[in-house]
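Presented sequentially are two complexes of subunit A, the first with subunit B as partner and the second with subunit C.
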Partner chain A sequence: MQDLYRRYGKGLTWAFIGLTFFWLAVLVILPDFTLFESSFRPYLPISEVGGPKDTYSINNYLRIFGGEVAMNIFGLDVMISPRVKVFLYTIWYSGMVTFVTFLIAYPLSYYLAKVVSPKSLPTLFLLLFVPLWVSEVLRSFAWWIILAFKGPLNGVLMALGVIEKEIRWIDGYSPVIVGLVYTYVLFMLFPLYNAMQSLDSNQIEAADDLGAPWWRIHWRVILPHAKPGIASGAVMVFMLSAGSLLVPAVLGSTTSGWFTQTIQGIMLEEQDWNSGAAFAFMLLIVCTLVVSLAMWIFRVKLSDIAK
Partner chain B sequence: MSASIELDNVCCDFGNFRAVDHVNVTIQPGEFFSFLGPSGCGKTTILRMISGFTEPTGGVIRIGGKDVSGLRPNQRPTALIFQNLALFPLMTIWENIAFGLEVRGVDKVTRRKRAEELLALVDLHDSADKMVSQLSGGQKQRVAIARALAVEPAVMLLDEPLSALDLKLRQHMRAELRAIQKRTGVTFIYITHDQGEALAMSDRVGVMSQGRLQQVAGPRDIYNNPVNGFVASFVGENNILKGDVQNASEGRASFSTAIGTFTAKLPDSSAGKDLKLYIRPEHVILSAKPGAENSVPVTLTEVAFEGNFISVHAVTENGTDLVAELRNDGAGSVPTPGTQMHMTFDAANSSLLPDSTTAGA
Partner chain C sequence: MHRNRNFLFHLYMGAFLLYMLVPLLVMGGAAFNASKLPTIYPWKGWTDEWFIAMWADNRIWIAFRNTLLVALAVAAIAVPVGTAGAILVNSIGGRVRGMLYGLMVAPILVPGVVIGISTLLFWNQFGVGSGLHLSVLGQVSYIASFVMLLVLARLQSFDQGLEEAALDLGASHGQVMRRILLPHLYPAIGAGAAISFFQSIENFNVTLFTRGGADTLTVYVFSKVRSGITPTINALAFLLIMVTLLLAIVYEVRRRRIATIEAAREAEARRAEES
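And now, the complex of A and B:
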């Protein structure tokens, strides 16, 4: 603050503070707070807004419990409301997407940070970035085409003789997972790359010299060092996946529902912004809880991630 | 446990650059051997080749008589101490030290016990459960040594491990390293660009320049009987005079220079080469009257009091600069600039040397 003042003078310093404050207060906190407030009020005709019926309650939140369907949770058959079911699936598969992006990004970032010669790095990063230039919609549709029943994937597999009959790929959650992994893998890769790049290569060599096999070097030296990077990547991928609307909409099927689609349905089709807001906040809160829980289990501090 | 190291015609090329050029040396078991040279002379490459991180492009390395080519670092009986130590910051001190044992599947109780024994060996008690960041530079140094000793290596390789420490600590750690080496009996190979460090600690020193080993000898010989100008200049200061050999016999020669003809040692290795006269400043005697031989009249130009010695710069009649170093005995008066005096040196303390024994070879 004082540093800013000394460096840029009075005018610019207040401009920075003012703009940051405007962005936070007017564009983030205020609209969110409005939604949060309205999530506790009933959905009423305009004439009744502010009337005797317009009282605070958690009825909107309880709407998630309407109806019953069967669901199998870790081998247990339970009856559960369809919205809760979609909600749980969204959290579960977002976690799975996060894990898969980690499995892909870890070896890749290790290769980029420690193996490849620095000369070819710019080219490799460019190759990684190119898909980001294409919009998310196009990329999702590209996967939709690849995975289509008469699409190229089935075609190639049949031509190679791996399968005899077309497989219906776009069914259940698999295509959604594929799409989300493809869309968000770079959000895992870059923090992981940054973390690994900051590891002194001598430590890897020292572990090697002391007799450690490659897997133990990863387990005891590289992985612990990369933990903050993994955490920051995982938080991003998990939050983005759980909040993704487009990928599940394009690559989803009748047997896959994403909670964002539920929220969208309530807000845009039922026009019930109050319940929609309640559902959105539920997703936000539960996702935050899941992230906090994961951070507690893996002993990561928030300050580690912010680095 | 210790082992000999044999470098047999070892070369290492990086593309067109020859980092190590036909190095031949045998290091005895239990010896403290230093490779001394300026940065970029190839000494670190030699260390990396012995430890297995770099493969030689020519020649053979034998450890304990066995050819180690193709063996991975973790298959060699060597332990490397890195210049920046490369301690694991996310492990405690004892976990650091016991890492090599953990890798070998030693159980936790034994590991802990061994780590504490090693901590005692390096004089670092009660630090087992601290983190690396809580230790001072010298303490980290000891942890790195203990970690390397834990795997009971036959050979310890040290890559300028003292360079990050301050002067006092560095001098203390020299003695410490030497003592640990004596206690464990492990062969130590030490890399440094600090001639004081190499001379003070080593049994033998190998001086390197441009990938070649210039001279291998005990510290005294390196300093008193350098084989060429490079070694003489790298391990100490010199007055260097150009001139021609007049007549040589029995290891001595008279040498005519622009400021007179002097007698000096003529090492066998110098025969038949373009030579210069090297005289160490501390071997120059300053007196009011000329000495019996090898004496030259000078005018003092600058007298610098350095504490333990006094550095006297002087100029001869024809403008040649000479330096003498006088020991500060506490009583003697310090000469003043402008005084006319004589500089004399003993033939036994001055050598006729080529610039480099390998130049043009």
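And now, the complex of A and C:
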């Protein structure tokens, strides 16, 4: 700090501190605190805000319970509230999306880091970047077209004789998962590639020379080395999926609810900002837990994830 | 056996590229189909009416203008803020550094929905209503983190001895900043500005909750996709994909030309050495 003062003088040092303060306090900490605080207050007409009815309670959080629907959890039929069901499904399917993107991206990042000739690498990356530059809403829309009832996928499958009648693809959670995997697989691929690329190829060859079969080389040499990349990719994909609103809204149907859609409904349709804050806070808690869990499982620091 | 395995890998890579690009082709292709619904199958004949309809759609242009304004504002705020944060965090050590760094990185990992709602609630206390200005502030809160990470990485290769020398030779603090530190950081700042701009264009979640009644392109496209779907959106998508492709091709051609020039230079140098 004194160092900064000596180098850039009083004015600039205070400018740095001021800008950082503006960012962290005014844009990040205070709004999140407001979110936390207002999530415990009731939703009242403006004239009654600050009045006798404006007391703290956890009623907004309790709104997640209410009503009952059947849900099957690992073979057990239980009755839970529809919002809890959506909440659990969101976490479960985000985890599934994370796992599927890992399965797709792992061989690919290995290929990009160790197999392909370095000469064609820039071209390949450029091609991979193209979908990333096309916005998320359009990418979901593309799958909406493909999966439509009278759309190209059904058309091709019927022409090939694989199916006899059109299949209703946009139903339940599968189209949402397809869309999320398509949209976020690159966020798994790039961190994985970064991690693998720093592995010395000699280590792989040494293991190969010493007679290790290919799966053991992956299990004992490459996978451990790629751990920070896996953590980073997994956290990114999970957060993006659980927090996604576009993909479930475009590709979902009445049989697939996503927790962000619940929040959107409360905020924009019911206009109950206090309950919205409570639900948003729940989403934030889940995401914080997931990041902590990933950091603990993979034994990495926040700075490794944020690379 | 190795060759066999490599063949499978190439095949997989090719399949993945197809998986990434075919949906975009399908979407772009639907812009030319005379069908009332956006699809490429069944094909009902070639048309350009969706492009004309898009051109005539006033709301698209307003949304487009809003998007650009928001993105410029976000870049204009996020770049100085993120740079200042990086310089600050780089100059301190110990536990405070870890904490500050954690605080600066955390917004990347916060869901956009949460950022949007908290920004809305916070400013609403002071009577600042929703609108695109709040979208800008909400987006800056996490986009500044990207700028910070880029600048911080660049600062690692900075030689502070240069600043010492300049100060010893009588440079003012402002000169040290302007002539020594900033020029070293320019690549990172440029990349940060570009990332801020494109992240802002892409943003949906923060914007949706803070925008009030104003449209940005993403929000407008979303509302179109949700409600009455017409292929005008495909026309727009086609144009966007074309712009992206064009930029990508220009970039690739330039890269190849530079690579060729460098290879030629190296060959020249080798020949000069030999003779």
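One rule holds in what follows: the second predicted complex is superposed on the first by the 274 of 307 C-alpha atoms of A that agree within 3 Å, B and C clash if a C-alpha of one lies under 4 Å from a C-alpha of the other, contacts with A are read in each partner's own complex, and residues count from 1 in each chain.
Here is the rule we use: a residue touches a chain if its C-beta (ideal position, glycine included) is under 8 Å from a C-beta of that chain, and two chains touch if they have at least 3 such contacts.
This is a predicted model, so every value here is computed, not measured.
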Fit-or-clash call for subunit B and subunit C when the two complexes are aligned on subunit A: fit
Superposed model, subunit A: greater residue contact from subunit B or subunit C: C
Partner chain(s) touched by A:N202 [first = subunit B, second = subunit C, both, neither]: first
Contacts of A:P213 with subunit B and subunit C, given as first, second, both or neither: first
Which of subunit B and subunit C A:A249 touches, first, second, both or neither: second
Subunit B versus subunit C as contact partner of A:M295, first or second or both or neither: neither
Superposition-derived minimum Cα distance between subunit C and subunit B (Å): 8
Parts of subunit A lying in touch with subunit B, wherever the complex brings them together: 200, 202-203, 205-213, 216, 220-221, 224-225
Touch list for subunit B against partner subunit A, complex: 51-53, 72-74, 78-80, 82-84, 86-88, 90-91, 99-100, 102-104, 147-148, 150-151
Subunit A residues touching subunit C - in the complex, by the definition given at the top: 1, 3-4, 6-9, 11-12, 15-20, 22-24, 27-32, 34-35, 38, 104, 107-108, 111-112, 115-116, 122-124, 126-131, 133-146, 148, 150-152, 155-156, 182, 235, 239, 242-243, 245-246, 249-250, 260, 263-264, 267-268, 273, 276-277, 280-281, 283-284, 287, 291, 302-303, 305-307
Subunit A-facing residues of subunit C, complex: 6, 9, 12-13, 16-17, 19-21, 23-24, 26-27, 30, 37-42, 80-82, 84-85, 87-88, 91-92, 100-115, 117-125, 137-138, 140-141, 144-145, 149, 160, 163, 167, 172-174, 176-177, 198, 201-202, 204-205, 208-209, 217-218, 221-222, 225-226, 233, 237, 240-241, 244-245, 248, 251-252, 255
